[in-house]
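Chain IDs A, B, C and D follow the sequence of writing; residue 1 opens each chain.
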Amino acid sequence: MPTGTGKYFSINEGSLLGFPITPYTDSGGINDDALASHVEMLLSYGAEAIFAACGTGEMQCLSIDEHERVVRVTAQATAGRVPVFTAAGFGLDQSLAMIDRAQRSGASGVLAFPPYLSSADDETLYAYYAALAARSSLPVVIYQRDAVRFSPSVLGALSRLANIVGLKDGSGEVDLLQRQIREVEDPRFVYFNGTPTAELFAPAMAKAGVRSYSSALLNVVPEFASAFNAAFKSGDGSLQQRLIDDVVIPFVDLRDRRAGYAVALIKAGVAARGCTVGDVRAPLLTVTDKDHRDLLAWLEELDLADPLKPKAADAPQWVLPARHTASA
Amino acid sequence: MPTGTGKYFSINEGSLLGFPITPYTDSGGINDDALASHVEMLLSYGAEAIFAACGTGEMQCLSIDEHERVVRVTAQATAGRVPVFTAAGFGLDQSLAMIDRAQRSGASGVLAFPPYLSSADDETLYAYYAALAARSSLPVVIYQRDAVRFSPSVLGALSRLANIVGLKDGSGEVDLLQRQIREVEDPRFVYFNGTPTAELFAPAMAKAGVRSYSSALLNVVPEFASAFNAAFKSGDGSLQQRLIDDVVIPFVDLRDRRAGYAVALIKAGVAARGCTVGDVRAPLLTVTDKDHRDLLAWLEELDLADPLKPKAADAPQWVLPARHTASA
Amino acid sequence: MPTGTGKYFSINEGSLLGFPITPYTDSGGINDDALASHVEMLLSYGAEAIFAACGTGEMQCLSIDEHERVVRVTAQATAGRVPVFTAAGFGLDQSLAMIDRAQRSGASGVLAFPPYLSSADDETLYAYYAALAARSSLPVVIYQRDAVRFSPSVLGALSRLANIVGLKDGSGEVDLLQRQIREVEDPRFVYFNGTPTAELFAPAMAKAGVRSYSSALLNVVPEFASAFNAAFKSGDGSLQQRLIDDVVIPFVDLRDRRAGYAVALIKAGVAARGCTVGDVRAPLLTVTDKDHRDLLAWLEELDLADPLKPKAADAPQWVLPARHTASA
Amino acid sequence: MPTGTGKYFSINEGSLLGFPITPYTDSGGINDDALASHVEMLLSYGAEAIFAACGTGEMQCLSIDEHERVVRVTAQATAGRVPVFTAAGFGLDQSLAMIDRAQRSGASGVLAFPPYLSSADDETLYAYYAALAARSSLPVVIYQRDAVRFSPSVLGALSRLANIVGLKDGSGEVDLLQRQIREVEDPRFVYFNGTPTAELFAPAMAKAGVRSYSSALLNVVPEFASAFNAAFKSGDGSLQQRLIDDVVIPFVDLRDRRAGYAVALIKAGVAARGCTVGDVRAPLLTVTDKDHRDLLAWLEELDLADPLKPKAADAPQWVLPARHTASA
């Protein structure tokens, strides 16, 4: 059952969380059909929640009307099969407006991004997220990233507010998370691992108490993302490690070539697999020719260069090509 | 002549830049009359430009309609005597909307705040500010602060764009500024020192080429701010240093007690001097009783606790109370 | 078998690594007998290697002659039962001298601390550690902490040098470690988790490939450290988590009260349990009366305030006092 | 009169401080004669104090005996004409030993480098430098750099200790310095600007109260360093700025190509001007061929590629080649 009972919604431990890219039409607008198809594909590969128009979905490049449209299309495509979260961010006023729009667009929850130009002051952070929670009739997950760090006591206090139901962590700081989680009393509070290329962190973060994780790679190589998640859920540590070494780190090396590649490389990968999604919008960087060729080589190395499509019901789990297994 | 000719506007070297707080009515809305009076007071003490609804004016707590209203009231109150800048910030879409509104509200220029959740990528920063400049028919000053640092070559490239006319620096990084300024060819490009409590940095930054400076203290102790600016313009280094030691640093020590005090303490100071401005809005912090008492003591120590009013035409320059001079 | 065969020494996965404090006599010199007894106690509780006169042993406060003496006494007390490592640090010249002394004092390995005032330059780091390894006839473990971060390729290159046999990590950075370990080909290369209060990080770091860990707490509450290590080795995640929540985090909260407490609080804890060890030397901080009382309260809360002594052969494993278990 | 009366020594405001490189013989030992000649050259160009075997002199690559030898040779070559400072650094024990050796080797003062692996704890920093000062019969200047920052109150407390006579600052942080200087009561306390390539910061830092400055460039282009210092002392701001733009920043751009170039590039420059100084020692980086060619081109651009020799008594002040003046 995806939706909440009272304050909480249900999300399984170890969930694979999908963050769809936002496809554009040739004229540069939102491509509703491509978006709906892409969401269907993510679900077929096991996404247990969808986060519409968040970072990977270029939230920073969309107008508020476009943002709402993406949420609406995503919610319709998802049709209640899994929760659909969406971003509330930028300034306080715009975040409140985005919450209002999320509510009327079919979202089941809100992911609250950091306040604009935030300083790391406990009381200010508390007041900011409390204001968002007070406005929302949907469950709110707060997002620890960039300059935002919640002191353990502030996270504890926020967790006791109506509507604040979870923490998404982009910091990867083990000691902080251990201390934060200890201050949260409600066992239903959820933790999402949202570190950059979260599979890289997933085994370690799970031991610090953050088991569900976002997967930007699910957009590009869902076959891998699904196989990794299966290994993650079954506790097959050596397979997880092999996939990290042979799939994730080569991608991360490519991603780190330029500071702005986190989204652009994902979108280029989706396009490389045959989807009409358009390029990222300015000011996001487009991928250079050289890096694009290396991205294609990475896909081919994994035997994952063919067009993306929903997983067939009887499709076997993807495995690393034999040459990798041999070399291990 | 305050307004620009072609791309540039004229601003004197060593200008005192005013950043008014935003007064609220008892019911919590914008207090137009108090704002107009406050702007008049700032001008009477020598503000050579007014930056409406920027950081000190709680831009992060205003709706976009309120923001536009503050700009309009400020522009009317200023009546062309000095340039009126206003903020464009938050996300790209909102920044563009704020530029549109600035143009129709009587502003003479735009201060472009950092992109939301920016990473420090050269190409992305260039594309972002270029997009803002392309939208604006007003001169644009770009603001280096928080995580944003322009590489010298990117600043040089931005300075060559139509409409980008200056840099406001909040970093205080001498070596960076020296290298940035060297890459800007146009001698009309302006540099504003916007470090926190900029008087503290003003003598040093002037030598690095950043002569005009913002003064949040002009809101609270305009008598001091005007006297400091006179010493700054006349090159009286020992008087500047005495004022830094006896006025600025005691305030900075108070400001640094809590991370969120930069705006709240300024507004509390204005209120302490008899203006009806209301408290800062959440999530900004209000000042504790203890810190409020210490703020009053600081004002009294300077003989500056009486109600704020515009400077009389024949008023002599304020001087440090004799007990300070004696102790020096 | 504790000592190495060829380049490598054998260390078990998940080893509990002991970092003894350095006890002083009443007159302030090294207390050989107290040190030997303390090492015996650490071994009885399961220390699988001893690191003599490293950070917890106040290496920064010892003369080089005292340092050698501590190594010699520790090696004699250990008598080959487990490997004895010791620090090489400060400048290049002193590090080389410390390696020479380690070799003649019975040490079985060297822990190479960062170069003095290091900048994070790949080539310089490589050259520095290569110079240390060239001097050493003992296996060398290199220590990633403070400003030192090895790029994955540099760690790979260092791992291929004769005598460099492992990495101790004080960073706790999951992504870095994942990428570093992938560049090391030799499966015998060891990884030590040396994050501050490493039990806090141990479950997560193990999943990133760093299984053995240092335990400063083994000095103070060996009963706990032994029980935690048993849970760690048997994979009892819920017990590890309960011990982290009820023992480790309360200690970490105490430790974080002042920046210099990492060593002082450990030594005060050993003294509180009846050992004559003296205070830490200047410039290390001594513990305030208030914090000392809270340290005692923490020990009493755990029923661990009685005098330290070696574990009896038939002693049962320590368990959390029942009131903790009840509250869980 | 170079040496102190009581606690203080005399140093002029705006002094040019020399930091000689350490020349090696062909067999790799200290080259006494080349060192003495080099010091003579620095003095002829106006060095008002000499800092022997500090950072630029490869203190991190010298044995303690070699270090003492460099101090002795430098003191003899200087022959009391200006104060000779030398470094005390690495660990506490070694710093104390270096102070003892400085005293017997003819040094007139000590530059106290940061403690090894220091955390930024006020009390620990105070205790550390107090211990050094207590050991020294020579005046001590403390060095703020890397992770060390003195809180204003700690700097005030240290300034009241016998023998602590000054602060060398490598941070370039204007606000910190303004607040620190305010806490020092003794007007004889000296401040040295030791930021990387300090001429870049000199005009700004002077306004923050830090007027004397180190000049690594004095080793390589003493003609420039002397001309810059003359402009600095006479207050010719536009000439200082032209020299920063045309000489300093091009060098800084070269220096920033690799993290370890600060010393290597200076030494390579001295060698390029005909001195037999040898290469820097490992682990310091040597300069690549490409960067070496660019260093030569920088020298030639300044008409400063001919062999270094002491300034002739009647030599005119160096000026920027005419092509620079023309382009300005």
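What we mean here is this: a residue touches a chain if its C-beta (ideal position, glycine included) is under 8 Å from a C-beta of that chain, and two chains touch if they have at least 3 such contacts.
Every value quoted in this text rests on a predicted model; they were computed, and no experiment measured them.
Peer 1: Hopping along touching chains only, can you work out the least number of steps from chain B to chain D?
Peer 2: Minimal hop count between chain B and chain D: 1.
Peer 1: Taking the mean of the C-alpha atoms as each chain's centre, how many Å separate chain A from chain B?
Peer 2: That gives a centre separation of 38 Å.
Peer 1: Averaging over Cα atoms per chain, report the distance between chain B and chain C in Å.
Peer 2: 51
Peer 1: Please work out the Cα centroid separation of chain A and chain C, and write it as a whole number of Å.
Peer 2: Distance between chain centres: 38 Å.
Peer 1: Residues of chain A that touch two or more other chains: which are they?
Peer 2: Correct list: empty.
Peer 1: Pick one for the touching-chains graph, please: line, ring, star, complete, other.
Peer 2: Contact map by chain: ring.
Peer 1: Okay, what are all the chain pairs that touch?
Peer 2: Per the contact definition above, the touching pairs are A-B, A-C, B-D, C-D.
Peer 1: What does chain B use to touch chain A in their complex?
Peer 2: Residues of chain B touching chain A: 59-64, 89-94, 113-117, 119-121, 123-128, 131, 145-147, 258-260, 282-285.
Peer 1: Could you pull out which chain D residues touch chain B in their complex?
Peer 2: Within the complex, chain D touches chain B at residues 172-175, 178-179, 182, 195-196, 200-201, 203-209, 237, 241, 244-245, 249, 252.
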